[in-house]
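Below: one structure, written as structure tokens.
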Amino acid sequence: MVLELKVPESAGFGALRADGPVLLAYLLSFIYLGIYWNNHHHFFHLVPHVNGAVLWANLHLLFWLSLVPFVTEWVGRNFFAPAPTAIYGVVLLMAAVAWTIMQTVVLRSQEPNSALARALGRDWKGKTSLVLYVAGILLTFVHPALAYGLYALVAALWLVPDRRIERTAR
Amino acid sequence: MVLELKVPESAGFGALRADGPVLLAYLLSFIYLGIYWNNHHHFFHLVPHVNGAVLWANLHLLFWLSLVPFVTEWVGRNFFAPAPTAIYGVVLLMAAVAWTIMQTVVLRSQEPNSALARALGRDWKGKTSLVLYVAGILLTFVHPALAYGLYALVAALWLVPDRRIERTAR
Amino acid sequence: MVLELKVPESAGFGALRADGPVLLAYLLSFIYLGIYWNNHHHFFHLVPHVNGAVLWANLHLLFWLSLVPFVTEWVGRNFFAPAPTAIYGVVLLMAAVAWTIMQTVVLRSQEPNSALARALGRDWKGKTSLVLYVAGILLTFVHPALAYGLYALVAALWLVPDRRIERTAR
Amino acid sequence: MVLELKVPESAGFGALRADGPVLLAYLLSFIYLGIYWNNHHHFFHLVPHVNGAVLWANLHLLFWLSLVPFVTEWVGRNFFAPAPTAIYGVVLLMAAVAWTIMQTVVLRSQEPNSALARALGRDWKGKTSLVLYVAGILLTFVHPALAYGLYALVAALWLVPDRRIERTAR
């Protein structure tokens, strides 16, 4: 896990309370990276072979995920500041876009009615996530707390591992 | 290994002596992470396949282990301060709880009398560890040294790799 | 991914604009490391077994790639300064040289007319890259922007995964 | 690779010259870690299965190797200071001792006249290394340059991958 936590300067319990936002941002980002990690694991279970385009789509996803520690630290130090909150959402949105692209590239490299295609179906969860992220980014400018609410809602949507794929894998 | 050590400012042997607590905390945490690493290796040897719930239980364990470098550095800089010592114990306790949850989730996904179930038996070592951690956290407020004594005792309990599982694996 | 990004001090959108060069350098290096990662993956698909010389040639490549985060950060903080721009090119050049050496070592360990040898052919792409890097390093002293133009050109050359190898692998 | 390099403050070529010792220490440690990495790869090729004792012996080795980045940075910032030079040697010596222990533990878990036992023979290289490290540590107090000479000599001894094992593996 690439997320990093700065050690508090003082040695009292109060130091942890002051570090609350940092820890909360860490937790949210950990859950997000965990969702991608788990879904990635499930997804590639159904992909028999990987070509060059899939490798690049995967690296594109990795690029956005590699920015998560950066925005997490920024958000943790400036909780409820609009700019970091919005940029955090942009990185999450771009990671979701990259995931969608990767899915499409993989599907195109498979046969038309593959197990994976049937497992994914119309992918309403993926599409809903994109909408919720965009809404969250825009709502940052009303109040950052609204943005965090929507980001957390997307995480909740995905916390359940993709049963569609698990069912098909059996 | 994700543990980090700050380089001392001066260039004399005295610098290492001053860094003693940091190195001691590093050693204790290294042993803890090593125990989890080894037992994880042994444990999943007996698990034929992994479902979504197991992946999440595993990530939950990883979450608490990912906090070990953070609390290790905090403890190393504030040896014998009650707050870091207690929080260090809380992270170790939560990792042990996460391990117990993961074990339960895996066992539920197996057949009732699987090799793993027989290997684990009544898991007195797991249960004793939880009790010792809680005792250690509470004793922090009497004297932090007592807490470290109990944390080290748990490590000693687990240093012997899980022969139950090794025996069954053969 | 070993590249690191420093979190900006302030919490406004302006902070990102000020960090522009750092992010651009990060992006360019990410693409470079991605190219090596992907080509490495493709390349070793056609290598049935690895001997000691190949392991060392691979570590030599890893050595130069391990310096990429270092020069990336230096370049990001001193955009358009000649020394970091030239050294960045030297590290990229040496990584390309190390790749060429590794390729040669692997080819020598294979049979004379192996699938890999046919896939690589005369390797004009590898040779052109070396020439472009040297040109870029020299042009640093005219204007660093010229160097970046050539470095980006090499990246563009390689962004297309090595179809030669992919075709042969089938 | 866990070694880290601090980015120089200034943007001129002179900065690299000032960073010379740091880069040299980085190079020496990279070679050492590379030797362990490659020999580890070769060694476990001949080990059919791994038990609990081997896992622990391996973690013990990993513990000392995990200290290499720490002593490398200390040495790089204080080149030719006796204390860091000696401690650097102690960490290398302990890693070599840990390697010897791991080898012994693995050999004991194999049959008496296994391929690995024949490949290793009397292990004069391992024994010579231990002697050279101890000599290097003691010579630190005469002049640190003598210590570096001996450390580099050990590296040179091992740079050739273990042909004994490679030959047997075929």
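For clarity, chains are labelled A, B, C and D in written order, and residue numbers in each chain start from 1.
By definition in this document, a residue touches a chain if its C-beta (ideal position, glycine included) is under 8 Å from a C-beta of that chain, and two chains touch if they have at least 3 such contacts.
Please read these numbers as outputs of a predicted model, since none were measured by experiment.
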* Shortest chain-hopping distance from subunit B out to subunit C -> 2
* Asked: With chain centres set to the mean of the C-alpha atoms, which chain is at the far end from subunit A?
  -> D
* **Same-residue or different-residue interface between subunit A and subunit C, half as cut-off** => different
* Structure fact -> Cα centre of subunit C to Cα centre of subunit D, whole Å, reads 28
* Structure fact -> Per the C-alpha means, the centres of subunit A and subunit D lie apart by a whole-Å value of 40
* Which residues does subunit A have that touch at least 2 chains other than itself? -> none
* Each pair of chains that touch: what are they? -> A-B, A-C, B-D, C-D
* Where on subunit B is subunit D touching in the complex? -> 1, 3, 5, 7-8, 11-13, 15-16, 27, 30, 34, 37-38, 41-42, 159-163, 166
* How about subunit B: which of its residues touch subunit A in the complex? -> 2, 51-53, 55-56, 59, 62-63, 66-67, 69-70, 73-74, 77-78, 81, 83-84, 87
